[in-house]
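You will see chain A twice below: alongside chain B first, and alongside chain C after that.
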Partner chain A sequence: MSVLLEVAGLTKRFPVRGGAVHAVSDVSFTIEEGESLGLVGESGSGKTTTGRCILRLVEPTAGTVRFRGRDITALGRRDLRAARADMQVVFQEPYESLNPRMTVHQIVEEHLLLHRPELSKADRAAQVAELLDKVSLRSEHGRRRPHELSGGQQQRVGIARAIATDPAFLVLDEPTSSLDVSVRAQILELLLGLQRDLGLSYLFISHDLSTIQYSCTRVAVMYLGRIVEVGPTREVFEEPRHPYTRALLSALLRPDVDQSVSRIQLEGEIPSAITLPPGCAFASRCPVAIGACVEAVPELRRVAGDAQRAACLRAEEIPALMATPGPG
Partner chain B sequence: MTLLEVKGLRVEFSGREEPVRAVNGVDLEIERGEIVGLVGESGSGKTVTSLSILGLIRQPGRITAGSILLDGTDLRTLGPEQLRAIRGARVSYVPQSPRGALNPLLRIGKQMENILVSHGEGGRQATAELRRRTVEMIEAVGISDPQRALRAYPHELSGGMAQRAVIANAMILRPDLVIADEPTTGLDVTVQAQILDLFSERVREQGAGALLVTHDLGIVANYCTRIAVMYAGRIVETGPARAVFQRPRHPYTVGLLRSVPVLGQPLFSMPGQAPDLRALPSGCAFAARCANVLPECAAVPPPWREVAREAHRFLCHLEDGAPL
Partner chain C sequence: MTARQLLRTARRNSELTAGGALILAWVAVALLAPVIAPHDPASTSFAALQAPGSSHLFGTDRLGHDVFSRVLYAPRADLYLAVSGVLLALLVGVLIAVPVGFTRRWWGDVVMRFFDGFQAFPVLIMALALVQALGQGSGTIIAALAILNVPLFVRVVRGQVLSLRERRFVEAAVAAGNPTRRILFRHILPNTTFPILAQATISIAYAIIIVAALSFLSVGIKPPTAEWGQMISDGYQNLTTGQWWIAIFPGLAVVTVVLGFHLVGDGLQRTFAIQRRH
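After this line comes the complex of A and B, so read on.
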């Protein structure tokens, strides 16, 4: 497999009165062709901003984003627009991301008009029909407007629009979070099926660990703008090496009355991203923090296997220090 | 006596077209000391059911049938003044969004004092006594610096802190029944666990009963003693949480449980969507999506089935429920 996307040193600060919100700090990762990387974290962890910076829906403050070797952050407007045919996004709130005045047909057609101007009207109509079929919508749905559809159907429209230009890579920003449980499963199956059929790569952003565990081969955990742990999903979920990953997994409530996980109770909440604490951002809530933790930001380093990395000074001791959450 | 007994509750919302039948004959019981999880997807009627218990159904909504007995007194027979005295003091509410439940212009402490005063606990009580009770309550919801929290305005609190304040508001009059509607939906998972631990601890400590409305089966499995699953305005399965999770019977409950992704198990994707509440079928409302549908399901209303010895019931034509 070859690397499709390479993010290096990605940083985004939003200026505010008296300083800046450090939304994303020095984030680096790669995604291979056909791979799904899960990006998990709580609100304010910077996962959505990371996804938006990659597509330059938000301009990064620093860092590079290489897509098939080409630096997206250096592109001018026209080249960026052309590049976006290959990298698309599915948003969390399907209704808010669809133009209420347009029909479903027009919404899906719009990207074709932009990126495939050579297509005749009849060819475009045929492509739209095919796209609707791919997301299991009937052709009559094409004549409806977003408010006439259910939440699940709206998200299908959002997905059809995203794959209209035959992209290689999609940022999925909480694509199932606003949907009902039974509909979530439908949309997740659709996304996984499309990935298999079209060879898509995903950056799958979610706060829901079960969804990531089910759909991604690798996972990166974010806390206060930084990746604190990354690796193969199986290894990270079975033997997390960062205390935050452990706490997050132990807080996961499974629909199982016999769940026997000793929960790691974290004190307080995620600190402000305006005045970042010195050293490890998690130290203020960490049950196993030591003096050295607040001195310097710990490096994301290899701790186990070939590919599991964690940004914790005590990563090697973590399995012994904290109870194993285990994936149920 | 049973703390809360809802019998045959029906609620309609009328508009220009056919009325929306949001709740279609709900029976629900809650005893002191138990937390009942009311589970369902959007439009299933779980929020309308809880608002009915609080006497908060407003036009164009209307309770068309049923009774809501709190310690044997039918709340539907009470006037607005009597209901107001009961709300907060005997039945209280923790809504989904703490921001919407707190007055943005008043300090947290003042809001708590107002609750005490409006239920007649101010009067001759000295200010110092009101203060003492608010401090005690805010400590009980796990806020480590109570003086600072009481002086804060809602916008100065984080989401988790604001939800703790809302729970403090809901518990300060020591209600008999607490209704919490998706109390942790907007919160992060690590904070969610803190809030739910605290909520169940307060409910048990005060000997109250609670109705926890949620779409999250993980919350019910971990925090509720009993579960009631709603679909299209009816409860379709109810029983002790342990019994229902170990052997769900209604095809909808089975499908819902299998819709939660678990590694190493195939994800079950329930087809279709919930029915239109303006045009419900004469038979089972779930028939169109059911994997185990029988010829009679669409036209004939399903009967209640009892699972022996477990107080576990489900509404279905299948005698033993869906096969696992």
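After this line comes the complex of A and C, so read on.
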């Protein structure tokens, strides 16, 4: 497999009175062709801003985003517009993300109109019908407006338009979190099916660990704008090497009620994103922090296996130091 | 919005229905004036100052005009001028406000401060000054009405654009690869129609009063063209001598048509408010 997307040193600061909010700090990762990378973290951890920076829906303060080797952050307006055909997004709130004045047909057709100018009106109509079929909508849904559809149907429209121009990469920004539980699984299945059929790569942003576990081959955990742990989903979930990941996983509800799970209760204050501490941002809440933790930001380094990396000075000792989140 | 939606809205909204009926009635009168008016509005061949009666429904004025015929012909001037002036203002206002509201750069604020300064002048004084500067005539009145109303449309539309540009569907339009121009006019503008329509109807109501006021002050439409303000101006001195009909009937005409536009404006605003809650 080859690398499709390469994010390096991505940083976004939002200026505010008396300083700046450090939304994303020095985030680096890669996504390979056909792969899903899960991006998890609590709200405010910078995962959504990371997704937006990659698509340049907000301009990153620093860092590069290479898509098939080409630096997206250096593109001019015209080139960027053209590049958008290959990298699309599915938003969290399907209703909010659809123009209330446009019909479903117009919404999906617009992407073809913008990126496939050679198509005739009839060709576009045929493609829109095909796209609606791909997301299990009927062609008569094309005449409806967003408010006439259910939440699940609205998200199907959001997905249909995202794949209209045959992109290689999608940012999925919490695509299922605002939906009813009953339709979440359907939308998730649809996304995974499309990935298989179309060979898509996903950056799957979610605060829902079970969704990530189910749908992603690799996962990155964010805390206050930084990636604190990244690796193959199975390894990270089985043996987390960062205390924050461990705390996050211990909060996950498990279906088996007999398993005794010791929850890790975090105490202490979350630092302000405006005045970040000089050391590890998690140190103020970390149950195993030591003196060195507050001195410098720990580097994301390989700790186990081939690909599991964590930004913790004590990563090697973590399994022994903290209660295992899994059975036992 | 389709015609069917409009009808459905009208049924639920009595202000909109009543106002719309008043406006439609006056538009019909204006169009059909040559058919329904009993006399030539410019003819002065009748005995002056006759009281309303069977030969002259609204009586005659000092010069021997048939007041009824003139009241029916007047909307051809008043409505035409008011609607043209306001539509011109709407067009210019929208073209200015949409980019001004969308940009996050400094020049957006500069444009707004300019219009703030503009609006500091009292409306009628401004209208008088403009007519003085541009010279009397219908073109001048339309231009004056447009200039007076542009700041209002700029303000209303900019406010809408400011809130719309933060909406997720606009971000989705950026992500789709839309050029800015298309985002402005395909995604943002269609979502501002209700407030624009509401502002337009209220502006037309005020514009009718301004047209009449300019004529009352003898700087508007020149006689013998039938025009309500002119007729009121001609007739108000006779109010004290008992010939009330010369000024009262055109006055009532102005009241009903202005009321019609205000009702529609309020009705639209209410419909918009309800729609926003959903």
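The rule is short, and it goes like this: the second predicted complex is superposed on the first by the 320 of 328 C-alpha atoms of A that agree within 3 Å, B and C clash if a C-alpha of one lies under 4 Å from a C-alpha of the other, contacts with A are read in each partner's own complex, and residues count from 1 in each chain.
In this section, a contact is a pair of C-beta atoms (placed from the backbone, for glycine too) under 8 Å apart; a residue touches a chain by one contact, two chains touch by 3 or more.
Since we're looking at a predicted model, the values are computed, not measured.
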Joint occupancy of chain A by chain B and chain C, clash or fit: fit
Chain B versus chain C as contact partner of A:L57, first or second or both or neither: second
Partner chain in contact with A:E189 - chain B first, chain C second, else both or neither: first
Touched partner set for A:H147, first chain B, second chain C, both or neither: second
Per-residue touch tally on chain A - higher for chain B or for chain C: B
First (chain B), second (chain C), both or neither touched by A:R263: first
Partner chain in contact with A:R161 - chain B first, chain C second, else both or neither: second
Which superposed partner A:F67 touches (first chain B, second chain C, both, neither): neither
Contacts of A:H115 with chain B and chain C, given as first, second, both or neither: second
Degrees between the directions from chain A toward chain B and toward chain C, using C-alpha centres, nearest 10: 80
Touched partner set for A:P100, first chain B, second chain C, both or neither: second
Closest Cα approach, chain C to chain B, once both complexes are overlaid on chain A (Å): 10
Common interface residues of chain A - those touching chain B in one complex and chain C in the other: none
Partner chain B, residues of chain A touching it in the complex: 42-43, 150-152, 180-186, 188-189, 207, 209-211, 213-215, 237, 247-248, 251-257, 259, 263, 265-266, 269-270, 327-328
Residue numbers on chain C that touch chain A, as the complex places them: 167-169, 171-179, 187, 190-191, 278
Chain A partner contacts - residues on chain B that touch it in the complex: 41-42, 158-161, 188-194, 197, 215-222, 241-242, 245-246, 255-257, 259-263, 267-271, 273-274
Touching residues on chain A, where the partner in the complex is chain C: 55, 57, 81-82, 84-85, 88-89, 91, 93, 96-101, 110-111, 114-115, 147, 158, 161
